[in-house]
Amino acid sequence: MGGNDQQAYDRGTSLFSPDGRIYQVEYAREAVSRGAPSVGVRTADGVVFVAMSRPSSTLMEAESIEKLHKLDDHLGTASAGHVADARQLIDLARRQSQGNRLRYGEPVGVETLTKFVTDHIQENTQRGGTRPYGAALLIGGIDEGEPRLFAADPSGTPNEWKATVIGGGRSDIQGHLESEWTDDLSLTDGIELGIAALAAHENGFEPDDLAVATITEADGYRTVPAEEVAEAFAAAGLVEEEDEGDADDADDAGGNADDDTDTDDTADAGDNADDE
Amino acid sequence: MGGNDQQAYDRGTSLFSPDGRIYQVEYAREAVSRGAPSVGVRTADGVVFVAMSRPSSTLMEAESIEKLHKLDDHLGTASAGHVADARQLIDLARRQSQGNRLRYGEPVGVETLTKFVTDHIQENTQRGGTRPYGAALLIGGIDEGEPRLFAADPSGTPNEWKATVIGGGRSDIQGHLESEWTDDLSLTDGIELGIAALAAHENGFEPDDLAVATITEADGYRTVPAEEVAEAFAAAGLVEEEDEGDADDADDAGGNADDDTDTDDTADAGDNADDE
Amino acid sequence: MGGNDQQAYDRGTSLFSPDGRIYQVEYAREAVSRGAPSVGVRTADGVVFVAMSRPSSTLMEAESIEKLHKLDDHLGTASAGHVADARQLIDLARRQSQGNRLRYGEPVGVETLTKFVTDHIQENTQRGGTRPYGAALLIGGIDEGEPRLFAADPSGTPNEWKATVIGGGRSDIQGHLESEWTDDLSLTDGIELGIAALAAHENGFEPDDLAVATITEADGYRTVPAEEVAEAFAAAGLVEEEDEGDADDADDAGGNADDDTDTDDTADAGDNADDE
Amino acid sequence: MGGNDQQAYDRGTSLFSPDGRIYQVEYAREAVSRGAPSVGVRTADGVVFVAMSRPSSTLMEAESIEKLHKLDDHLGTASAGHVADARQLIDLARRQSQGNRLRYGEPVGVETLTKFVTDHIQENTQRGGTRPYGAALLIGGIDEGEPRLFAADPSGTPNEWKATVIGGGRSDIQGHLESEWTDDLSLTDGIELGIAALAAHENGFEPDDLAVATITEADGYRTVPAEEVAEAFAAAGLVEEEDEGDADDADDAGGNADDDTDTDDTADAGDNADDE
Amino acid sequence: MGGNDQQAYDRGTSLFSPDGRIYQVEYAREAVSRGAPSVGVRTADGVVFVAMSRPSSTLMEAESIEKLHKLDDHLGTASAGHVADARQLIDLARRQSQGNRLRYGEPVGVETLTKFVTDHIQENTQRGGTRPYGAALLIGGIDEGEPRLFAADPSGTPNEWKATVIGGGRSDIQGHLESEWTDDLSLTDGIELGIAALAAHENGFEPDDLAVATITEADGYRTVPAEEVAEAFAAAGLVEEEDEGDADDADDAGGNADDDTDTDDTADAGDNADDE
Amino acid sequence: MGGNDQQAYDRGTSLFSPDGRIYQVEYAREAVSRGAPSVGVRTADGVVFVAMSRPSSTLMEAESIEKLHKLDDHLGTASAGHVADARQLIDLARRQSQGNRLRYGEPVGVETLTKFVTDHIQENTQRGGTRPYGAALLIGGIDEGEPRLFAADPSGTPNEWKATVIGGGRSDIQGHLESEWTDDLSLTDGIELGIAALAAHENGFEPDDLAVATITEADGYRTVPAEEVAEAFAAAGLVEEEDEGDADDADDAGGNADDDTDTDDTADAGDNADDE
Amino acid sequence: MGGNDQQAYDRGTSLFSPDGRIYQVEYAREAVSRGAPSVGVRTADGVVFVAMSRPSSTLMEAESIEKLHKLDDHLGTASAGHVADARQLIDLARRQSQGNRLRYGEPVGVETLTKFVTDHIQENTQRGGTRPYGAALLIGGIDEGEPRLFAADPSGTPNEWKATVIGGGRSDIQGHLESEWTDDLSLTDGIELGIAALAAHENGFEPDDLAVATITEADGYRTVPAEEVAEAFAAAGLVEEEDEGDADDADDAGGNADDDTDTDDTADAGDNADDE
């Protein structure tokens, strides 16, 4: 469907195109792919989140970018896309988690929570007078001792994953995960895999540009400290950049960030840092 | 009615075209036909659901695609089309089933439940400010000992069937069902018929790509385990693919998947997996 | 008024055209005429409904097409047009009938019920944000011993009839009724007249393609069983088809189904069976 | 104001044109003039209503067309235009009449009731999201012994009349009334005048095509039986038609129905009988 | 601002044009100027209303045109423009007058009432989804012994006047008032001035075409009877017309009705008598 | 931004243009500048308001134009622009002042009241379905012994001023105030400055065309009587006009009313006096 | 995306463009960049706000421009952009601060308050019928002894900063901050840095054109008096202008205000001072 025809159907969430598509949802997916990527890896020991979290200015506090969020003791989320939209979904998830604990005295299940969030997302894709959420979430946690990892996209579709990525560079990063993920990864392996997968799309980032968290039965939700991130960064075979442009990621055999059409240039966009 | 004229009437659910059609409902049907097919077969012993359920990535948990859902002890549903939309309808059906049990101490009838769902679907085709549901459901169960199978489409029309299909490849698959269905099928026959019918539209799928469930008086709603699916797959005369392209379905005499205009390529669409 | 001018005024129920027409209501009538016809005949003994009810697939349960509906002991309705829309009106009529019985301990009058339904239909033709109902109803019953037959169209106009038809092929069928109806018909005569009238528009249908019901003082609402329908079919001088195309209806002197511009081809439309 | 300019301002009730007109109200008046005419005549003895009420089919019950309605013992109404719209206004008037009797133990005044109805009509000409009523009413009755006759048009303007007409053929019929009405008419004279006035616009109708009612102090609202109508028809100098086209109305000297631009062809429009 | 540019801003009350105008309000003023004029004159003894009130048919009751209305013992109003709109404002004013009396046991002030009405009018010029009122009012009365006269226009602006006119022919009539009004007019002088002012715009009307009322401390609101109107008509130097076209108003030296662009032809518009 | 581009963004309050402007607010400012000017001057002794208030007809009561309003004992307001809009804001301010007195037993602060009003104004610039207020206010009073003067514009921005003007001729008048205002003005000086400032934009007005009020600790809100205005008029060096066009304001050295593009011709616009 | 394509998607907050952008939010950012800049600097001792606050007239009270606001004892905010919009957000923040104190007896956290405000901002970017806020805020305070500084932009994204700027001239000013900020700045250093940063974008302002405030543990929110501002102005190496155009800022090596495309000319826009 060409430009003019497409434009006839892409101005509202309450409209199907003749070929059965909802363009506003597809544009919201585009908003997600404009953001920096967040990787989730399910390992035997727990769930790992690795997010690209690079400030647009040296004066911005990196942690305020907030790609990773604890939702409950054993429950966390990683976001990509429109930051303010993601915050609304995360608030919703957090309130639901807390409410479940208050009402039933136990944590909400990972799958239950994911579907609560995606049902809310779907409503914004069907009723007029609103737009879809321009954000995607990974929701991970420990359910009765088992690590679980789900993704929620702007259409409101929930899916469970062994390892996946949301945000820019999806095809490179998911390809790396598919070729390298095994079901016997340790938690540390998972962190390294997450970092290496991000490098499959884009090189030239530093350990400081990453936010990493893990969720395990033993330790619950845990923000991985900078030194551990740096160790994993090195263990993943990456080297910190001295100057720009000369440090290619050794793992990044097939992926070529230069010709990637995904837009992941948030860090350079000083004024428009709402998509992270 | 040509392109320009059609565009004059296809922007809202609250609009008839001069020839009495509601285009948004027809486009929602198109959204359903973009999804992978789900077959329902009524047999003497119970109702069989066979759904194509092929993940878009090897790392996606196949069961999280969720084409088949238990609604009550003897009541289940199969969906096709926009996943998030289908989830809303399934939640509605489930709440109504549970409510009926709470209020009356007995399960809701299959026909009653179907019409409750289709009346809700219809409302979204008449009022402005919303779009129709881009999903179809098969609802099956045991009513006073009798297997019943209904379909609900995006217009909100309920119909009872001996065997039918929703989703992509409808004409090939329904044609196979019409030529092969008999009223003395055993439950196992029904599973094999469902699988063979799917193969009438598309070859090259594996047992693992299928989700199968049965509903019988004796066992209620039952998810058919992988080994039984594989047995039925073989019994249906299908062989698992070694490499792509060479394994044609022996049953697929008349159907030709290649020239089928229905779009059933979801499994290849990594980023747009909301229509399953 | 030509095409472009008409398009200026046909996009909403809350709009008159310069010549005082409400196009959306006229398009809703077109939706009705796309459906299979339903005939109502008032006889000395009661009201007869004969509806064309031909499944789009051999695997569809014919009775699930549901053209005829019991509303109360001595009250029934026949529908034509958009199935899901008709269901909403029938539900409304049924709830009103039941409510009347609960409140007053007696059945609602046929005329009272018809006007309750048409007043509701009218509201959808005046307020914006909705479309008219794309369905028409015949409502028949016994009022203080007298058979009464009413029709409700998409404008919300109620009229009482001796015999009439809603749905496709209206001019042929109504013409046959006008030339053959007399006020001394027996109930059996009425069934035969209804069948013959349908044949005035279209030949090539079987007794199984018909749904017939009667409402009499003695027996209330009664679904006429298949064998009686077949008898009346034969008594109406029709013969069941051996092969397509050669069996012309002997009664169909003036009517010529071939050049009829009404669209009554629902039975062939596998995917779009919402207009029945 | 030409075609294109007019179209800029005629799409909503909440819009004035630059010359201060509300086109949707004028189009609603056009809807009224598409309907068959209803005449009201105030005589010394009471109010007379004569309405053209010709069924579109010999099988339609003429009285179900319902142009004349009793509202209370000494209060009635005649309608013209869109039937379903008129029914809403008549229901409103009837509820108000009954409510007045319940609250105050006495009938509502003719003028009071008319203004209650016209105020409701006006609201639909000022607020968006709705269309005006495509119907006009005559409201007549006995107020403290005096016959009163009012008209309510689609703008919501109430006016009191000695004699007037609503619906098609207004200029011919009103002209006849203006030249023939005197203030000493008997009730029978009034009926004959009403019939003759209708004939001033259109010949070729039969007594059966008329609905006549009177409202007097003595008898209240009274439907005039067919034999009395036939007598008045003859007394008005009209003869029943033997065959079409040859019977001209002797009274119809100046009026010429052939070049009248009002559209009063409802009786011939089998499928679109909503404007009566 | 030319035609096309103006059209960009004249479709809603919630829209300013680039030069700060609200076109819908100006079009509503045009609706007022399409109506017959109503004059108000403040005299030493009280307020005088003189309204052109000419029926569109000899069979219409002139008093039902209702240009003048009593609101309370010493409070009245004269209207011009869209009749049904004016009625809504007059009802509002009457309810407010009555409510004030009920709550406080005294009549509402003329200025207070006027501003209550104009505040309501203003709201319809600012919010979308409605149109302004196409009517203007004169509100007059006795406030603590003093005659007061106010005008309310479609913008909702209240102003106090010694003498003014609303409706068609405003410039001629206001000019006559400005040149002839003095502060020592008697009530009878005021009536004659009002009649003469109307004649400054249009000749050829009869005393019967006028509605006149006065509000004085002594007599409160009083409808001036026909004979008194005829006397004032003669005293104003006007002669009743024998035949059309030859009787020019002697007082109408400067005014020339023929080249007046105001449209005041309501009396000739048989079918569109809603602007009076 | 040129004409066509501007038009794309100027149709609603809920819309930014690409350069970050809200055109409807700017057009509302234009509505203010179409009105006659009102000047506010803060002096050591109190606040002075001088408003141009020239009736459009000799028969209009000048004081009913109402440019100046007392809000509380020591609180007043001057308005410019769309009269009916200004009245709504003034009513709001008055109700808030009275409410404050009732609740707290003391007058509301000048700044507090101004911000209450501007917050209300802002809401009408952000939500759809309404237009901004086409009026500006000066709000002045005595706060704990200190004179304060604020202005509220159609964007809802509050600012405090030593002396300022709202309405037409702003640049000339504000320029005069800036060159002549000193912080040691007496109240009488303030009145003369206000009059002279108005004359900097437009000559040819009379003392009767002015409304003047002062607010001081000693006397509270006080309407300055005509004779005092005339004295100040003379003291300001202005002479009353004998005939039009020859009396230039001696103080008006730099300002040239003739080439001023502000439109302040309200006094000549007989029919459209809603902008004052 | 070019002009025409962009225009297709920039008319509502409830619309994504095909490349996943929300143009109305980007235009709201443009509204912010039209305003005068406000700088925030976190120092070891507390948070510093320096805002350009230059009145558009010598008669406007500079402090009424109100760029800096105390929210609580140790909490303040600086705004840029549309003044009336900013006021709404500041009111919201103030009410939330006060409410927190009332409910919990302690001040709200800086981060908590910022996110409360940004969540509100986000809602106006997703629902139709409103526009985004055309304002940005810096929110600073002392949290458990630690200075914190956050920024909230029109998308509703919160970020924490060491030092940043909102409003016009962002790239020059942020660049200066990035090159000069160190973590050992004293409060006085911070004021000087803020002033010098503003000078990096624009020269030719005076100490009087600045509003400065500090928030420290010891003194809470404190408005810095004019003499201290003048000292810091001098200490920053700036000299007060004698005449326009010749005084270049010695610190402003790289920045060149002349070719800066940001629009910061508010001080010259006499009539449109709503963006400050």
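Descriptive notes on the structure:
To keep things simple, chains are lettered A, B, C, D, E, F and G as they appear, and every chain counts its residues starting from 1.
Throughout what follows, a contact is a pair of C-beta atoms (placed from the backbone, for glycine too) under 8 Å apart; a residue touches a chain by one contact, two chains touch by 3 or more.
The structure presented is a predicted model; accordingly, all values stated were derived computationally and were not measured.
The geometric centre of chain A is 31 Å away from that of chain B, both derived from CA atoms.
Mean C-alpha position of chain B lies 70 Å from that of chain E. Taking the mean of the C-alpha atoms as each chain's centre, chain C and chain E sit 56 Å apart.
In chain B, the residues that touch at least two other chains are 13, 29, 33, 128-129.
Taken as a graph of touching chains, this assembly is arranged as a ring, one closed cycle with exactly two partners per chain. Starting at chain A and stepping first to chain B, the chains sit round the ring in this order: A, B, C, D, E, F, G.
On the chain D side of its complex with chain C, the touching residues are 6-7, 10-13, 23-24, 27-34, 57-61, 63-65, 82-85, 87-88, 91, 124, 128-134, 263, 270-276.
Listed in rising order, the residues of chain C touching chain D in the complex are 8-9, 13-22, 25-26, 29, 33, 115, 118-119, 121-123, 125-129, 150, 153, 155-164, 170-171, 174, 177-178, 181.
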